[in-house]
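Structures given as structure tokens follow.
You will see chain A twice below: alongside chain B first, and alongside chain C after that.
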Partner chain A sequence: MRLRLARSGTLVCSALLLGLMLVAGVVALSGLLDSGLSIDLSRRLLAPSTMHLLGTDALGRDVLAQICAGSLPSLGIAGLSVCLGAVLGIPLGLMTAVRGGSIAEWIARANDVVFAFPSLLLAVLLTASLGPGIGTTVIAIAVFNVPVFARLAHGQAAVLMRQDFILAARMSGRTHTAIAFDHLLPNVAGLTVVQLAVQMSLAIVAESGLSYVGLGVQPPLPSWGRMLADAQTLVGIAPWLVTFPGAALASAVLALNLLADGMAKHWTRGSRQVAQ
Partner chain B sequence: MTSRLRVEGLSVTLAGRTLLSEVSFEARRGEMIGMVGDSGSGKSMTALALIGLLPPGSQVQGSLNLDDAEVGWDRLAPLRGRRIGVVFQEPSSALNPLMTISDQVAEGLCLHAPLNRMEAHREAEALLDRVGLPSSAVSSDRYPHELSGGQRQRVALAIALAGRPDILIADEPTTALDVTTQAQILHLLARLTATEGLTTLLISHDLGVIGGVCSRVLVMSHGRLVEQGETTRLLEAPSHPVTRRLMQNYDPPEPVTAGPQGAVLLEAKGLTRRYLPATDGPAALHNVHLSIRAGERVGVIGESGSGKSTLVRSLLGLDPPDSGRVTIAGVAVDPSQRRQTREQLRQVQVVFQDPVSSLNPRQPIGRILAEPLHLLPHRPTKEERQRRVREALASVGLGGISEHARPHEFSGGQRQRLAIARALVIEPKLLVLDEAVSALDAATRNEILLLLQELWRSRGLGFLFVTHDLSVVRSVTDRVIVLRHGEIVDEGPTAMLLTCPEHPYTRELVGATPSLGRRPPLQSGSHDAQ
Partner chain C sequence: MRIRSADYVRRLLLAVSLLLAPALAGASGKVVVGLPLEPPHLDPSSTSAEATEDIVYGNVYEGLTRIGENGETQSALAERWTVSTDGRHYVFFLRKGVRFHDGLPLTSRDVALTLEHARRADSVNPLHGLLAPIDAIHTPDDQTVEIDLSRPAADLPFVLGLGNLVIMSPVAVDPAVHPVGTGPFRFVEWRKGDAIVLKRNDDYWGPPAALEQVTFRIMPDATSALAGLLAGDVDAYPNFPAPETLRQLEQDPRFAVVVGSTEGETLLAINNARPPFDDVRVRRALAHAVDRKAIIQGAMYGYGTPIGSHFSPHDPAYLDLTDRYPYDPAVARKLLADAGLAAGFSVTLRLPPPMYARRSGEIIASQLGAIGIRVRIENIEWAQWLDQVFKRHDFDLTVVSHTEPRDYDIYARPDYYFGYHNILYSYRYSQLSYMLDAEQRRLALQDLQRQLADDSVNVWLFELPKLGVWKRGLKGLWREAPVQGSVMTGVHWESVSDTGAHSPAAHGGSTGWLWLALAGLAAGFVSLARRIGWRFFANRSMSLAATLLASSIVVFTLVQILPGDVASYMMGMNATPEALQRLRAELGLDLPIWRQYLEWIWAWCRADFGISYTYKVPVLDLVRERLSVSAPLALLALFLAAAIALPTALAGARRPGRRMDRVTAAVAQIGLAVPNYWLGLLLVLFFSVYLGWFPAGGFPGWERGLLALHHLWLPAFALAIPQACVLARILRTELGFVLEQDFIRTARAKGAGEWRVLWRHALPNALIPTLTVMGLQLSFLLAGAVIIETVFALPGIGRLIFQAAAQRDLMVIRSVVLLLVATVVCVNLGVELLWALIDPRLKPRSRT
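After this line comes the complex of A and B, so read on.
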């Protein structure tokens, strides 16, 4: 199984890229890049060179160092909020599939309501009322992930509920909760992990959006979204200020999507073998 | 007489695997020949080769002659539908759900002859009439979902005949149908073959189906044609071991006589369940009375839609009835009373039809089998759990297997044994078997039936055996209940009911059941469109 995983090139490449970003973030946090992150007006708006590989910004900070330092907040917030959404959403979806009835119907409608809202708008409202910061950003993004996972888990579980082994479990006197966690959860886990990666790529974009409008990560903590916001007036003079953070953002999103793709293929192959 | 269809030395290999090897046979005009064999024997592969629909990458060898003219295996696509018509097993997926039946038949007609809309419609109605769907009984403007399974198979047959084929290939055309409908469709195929001068190749796993209507039989095994001959000769003196095995396994094992019975264990009174609960709408189950004593073996037979599954679910409290009540060991079943329900479920356990879906694919066998132990009033120790699981496995003849194995490592018959072992682990008094042997091939089915007889003898276990298959009921039950449209229409001791049935419906069911010794009745009432 591990061999087959290794053979899938895109899966490994994307996992490596994400790993590299996390390592860069940890390095930046450890203080090794502090000289690059400090303000030094003598070296402001330098074009990319051997000294500053990706150039410097209006306050003389190194762009590469900033991208490295910004990766941890971006990936961390995205990961945290998506996991929070999954932890709340999956049990919700499983329980509604097992119980059915009017409560399940109400929860499904509540999900529809959350889905109907433009997500960024509600995130803006939430952060505006609770005050900006990492915690609020995580909650704001998590809110939109709950219905995604609830619906995914519900859809899969509803199909499984028609299988005879669920009837057998009921004939064994198992409770709704036991059926949900013993029988349904292991069978929906594979697809949920794939969705986790997809949702994380969306969450990275959402987090950058919030930081871009100043509601996400607050200074002095660096963030890809805020780098883009700071650079927008300087696009004509210093194009590297937009290009490189934008590229970092895009490659993180791409890597996560490829990761999801690779896992989905791997997972369906595995389940086909089980079926045979 | 010249042959209409002659296949010589047909071999098919795909990616180094031999799917068919040296298959040769021929068939004349107006002749219906049958091809029989277990699953994976190459029956369907032969059919696919004849209609030019082999999987891509297949290597084909051998020759094919239609009316003594050689045809290349890669030249069959234009003949498909014109000279060679096909009917498959599943009538519901063979039809387009969004087109009326006459449009679908007309579509086939227009492919082969230039017809305008009116002509095509008229021709389609004439063709539907010929397959036993006259427009007076079934409007040709209906959609597939408005028809019964048998009627849909008739439409599929009409579509196959629309191109005026010489050769008709019917691959398991009656496997998805009830016995009475099966007899009607087989009769129709036989009649069309004779009157239209067709050459029909009927493929089936059921030797009784083939023996009833075909003049010659081809026996397939592992991609080879192992024996062929006149039906009567072949059934009287089979020469190949595969044929002999097919015949030996055809009939379920002999019954063992009834033993002592205890007090009433399960009782249902006035059970009614409607399709839409809490309405006055049509009932899936209507006023059913039933009582089973400890150690008694009761069969429930009925065709699809007769309410068998609804009855099982109501008896077990999985779906509550709209009215009436069920008592187990004298106490009413009430799913809201958890402790009491557990006590009742310890007495009654169930085995389902599909051995694949009844075992959770992600759990090891030991865990699956131990699940009913949750019904015990105390939490079993690890030793007790293991002991009970091992005993249950031994009692179904799977003593040596690892408890860490997963369900997909076992064959269909073994999985059904595992499902029985799970039901036995809690040592119930009554085992409800819901079509528990219907998905198995004949040999495996007989093994499971023998196992059930053994369990009854050794443990005094009672059965409620729910099935559509009359021959199975004979070997494992003492008493039979006949269910039709949700009502009990007949009831009595098994041997008596099946040998000299009195109720007309029971008589019809018994008469339509295929068997090796007797051809199904070819009564003229083919215009059965209900």
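After this line comes the complex of A and C, so read on.
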């Protein structure tokens, strides 16, 4: 099993890339890159060179340092909001699958409402209501992840509920909660982890989009989305300000997608083995 | 060879765009002027919104006097005026033969009516306070206006020339959306979110304007402003919002860059009433800690004059006080230590949206950090700024530009947001109005400036520059901006050959097609319902209604808790509490919450989606206007996505697992990871900046025929590519699944070629789930394109909601969001019904 995991090159590469980004983020926030992150008007808008590998921005901050510092907010917000969505959504989905009846119906309706909303616009409204900042960004993104995980867990659990081992558990008098968490949860965990990675890649894009329109991460904390927004009018003068932060963003998303694909493959292969 | 094929693609796209494009009428004497902000409405007597005056001042409306380019008071509707020796009695003699645009002659009664209206106790005129000295207004005959004052007011002729005291037609039906004045241009139309059009007034009393037509285009951000200029869609930008691009424009032989000054004192405003800023030493420490030169360099790219007090450098009474507190962090730290704050402290810096504020704020935060003040930046919208900072004085520091001319009275107001109280200053200010002697007045004004600097009320940063950019052939635009306004009277093209940008003409529209579509939809549902069974249909419709009802509550609550309110946004900085209260009552905002909700829902039930608070037009009209951009964009993107996805998936599926399959899968994987707005930026960089094939943004309107389509290609591609990757993956998976089925083997056994098997047998079966996804994508593309709309400055649905959220136009947000939700729910229902129709297994139990 370990061997097969290692053999999957893309899986390892993408995991390494994400790890590298996190490390870079921690290094940046620990103060090691402060000279690159501080405003220095004497070195503004410098093209990429050996001194500044990816150039500098309009206020003389090093682009590479900013990308490093921006990775932790981006990945952190995405991770937090998706986990929040999963922690709320999965029990919801499992419990409704176990109990069935009118509660399930009500929760399905509530999910419909959230799904029907144009997600980005609702996030815009939420952040406008609660004031921009990290906390509200997390909430605004998490809101859309709750129904995703609830549906996923519910759909899988509903199939499992018809299987014999659940019937056995019910016959032996186990409570709804026990069935949900002891029997259903381990069986939906695999797909859920895959979905976590997929949702996280969507959440990174959402966070950068909110920051791009000025509602996400607030200055002086760096953010990939805001770097792109600041760069927009400078496209003709300083193209490196547009290309590099966007490339960082895209590679993080790509890494997460590949991670999800790899895990999905690994997981389905694993389960087939069990079936055999 | 490669270049030629690229060229071919380009020509092909251009040809498609130009196909059927009507001959462009390039008459000279037209000009398109870019404006950064859309006005809330066009009645300058009840708003201090700069955008309103930018359009109507001097163009549609005139006052008794007017302010010239260099701030001098000139005669306008009043030919001349006299003042008594005690300075308390003015007589204005009106010009003869002046007519309003509706043909009625101007009389002294119209003037008296305007002024009486403005000085009434319940007036909402922003200049209400400045009219306080007026005792009585008489009109002895049609051409004479006499004004009696309770005390001398040397400023009166100047005040009467300001933009809020222009003379409006007394019989105009709705001056908020259709202004009727006496100016050299008459109002023609206002396309919300896009443009306002004025035409020459041929009955003008003075020398007629050289221009036949002026179109004010709303270019909401720096990117679209630059794009509009470079693409030739805009001829002039009197107040260019992107100083960082000026150097680039200066080198461009097509444009003239003219830097003048405004009346905008930009300052780091301090809440003097809140500790520790109630201590003058702390405020002085801030003044020493802030390096104006660095801010002007960093935030304004060197444009802007440093100031040391609240006064315009171009005023004759200006006193240069920038050396009063030289930049010196050491002195600043010592002052803080003297105040007992050696350890530093934390403050919040609230920044309104303009670039000058956001950029200066970031630099100020780092400069204050150097003396131990920890600054937390909070970027807020104007509506929030007006509410929190201006109205409720809930702030530590903020950066803002005060653009009213001669506004040193604000420091004498006890309730102003700085929280500054100095009896000596108030006294000196009140003495000013008695001073008719110019030299005496000048010295008194300098005393005021010195007093403000001594008290270090705020940290004055710089005088906001007026960065004008326009085509070289265009002459007569103002360099300076002594008042808010873009006076177009003397503007003309130097040579006739330079025709200027094409301004969009009127587009008539009706809701007819909307009702037709709804009727068709309903008929479709009925026939579906008959086939599927009424109970199933009723069931689904009930749940649709329930979803809508729940959504309406969510939207209503969400919008209700938005901080800030629309009334203060509409009335601006000088509104009195009573005026705000009246406006709120007028809009129905003073009703209890549940009544507001019920009235909204009841209106919806009657298919009345409400009237926009700020625009004062039906929400449905706004939606229709925006949909004319959003819907074609979404459809184009969807079409492109399908056009890309279909061949890709087929090519991959033809030989599963081979090189082509792997390459397309990898490309789709990468395409999925690229956020569409970054892709948009890259497309701009490559196709607009380097190749110059496509405009970088903006939308000229469908009147320019399919040339407008040219503006939609890049955003449509940016939207389409990630969607295409999703589609390609789904289609490829489905194809793979279908290709393993028995009937495919049969087809192959019959000897059908591989393409034929794919095309005729596999594809139709794989398309069904793909079409479902496309249905969902369409609703995403309609509503979720807000960021792409921002990148390309397109006036679409997403931006409408975004803008309404910024203006706190609750009615627009609520109704448009609910309309979108209704669309999504209906599309979902449609898909579900279609499935029920196709797949008998999905048919509900209720039928049996």
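Following the convention adopted for this analysis, the second predicted complex is superposed on the first by the 276 of 276 C-alpha atoms of A that agree within 3 Å, B and C clash if a C-alpha of one lies under 4 Å from a C-alpha of the other, contacts with A are read in each partner's own complex, and residues count from 1 in each chain.
Convention: a residue touches a chain if its C-beta (ideal position, glycine included) is under 8 Å from a C-beta of that chain, and two chains touch if they have at least 3 such contacts.
The structure presented is a predicted model; accordingly, all values stated were derived computationally and were not measured.
With chain A as the common reference for superposition, the partners chain B and chain C occupy compatible, non-clashing space. In the superposition on chain A, A:G173 contacts chain B only, with no contact to chain C. Judged by the touch definition given at the top, the superposed model places A:Q218 against chain C, while chain B stays out of reach. Annotation for chain A, partner touching more residues between chain B and chain C: C. The superposition of the two structures on chain A yields an angle of 130 degrees at the Cα centre of chain A, opening toward chain B and chain C, reported in steps of 10. In the superposition on chain A, contact is made by A:F165 with chain B only, not with chain C. In the superposition on chain A, contact is made by A:N187 with chain B only, not with chain C.
After the two structures are overlaid on chain A, the closest C-alpha atoms of chain B and chain C sit 8 Å apart. No residue of chain A lies in contact with both chain B in one complex and chain C in the other. Of all the residues in chain A, the ones that touch chain C in their complex are 38-39, 41, 44, 58-59, 109-110, 112-113, 115-122, 124-126, 128-129, 131-132, 201, 205, 208-209, 212-214, 218-220, 228, 231-237, 239, 242-243, 246, 249-251, 253-254, 257-258, 261. The residues of chain C lying in touch with chain A in their complex are 222-223, 226, 242, 244-245, 247-248, 294, 297-298, 353, 359, 361-363, 365-366, 377-381, 543, 546-547, 550-551, 554, 558-559, 561-563, 669-670, 672-675, 677-678, 681-682, 684-685, 689, 779-780, 783-784, 786-787, 790-791, 798, 801-802, 805-806, 813, 817, 820-821, 824-825, 828. Those residues of chain A that touch chain B in the complex are listed here as 163-165, 167-174, 178, 182-183, 186-187, 274-276.
Those residues of chain B whose C-beta lies close enough to touch chain A in the complex are 316, 318, 338, 341-342, 345, 349-350, 352-354, 357-363, 368, 371-375, 406, 408, 419, 422, 426.
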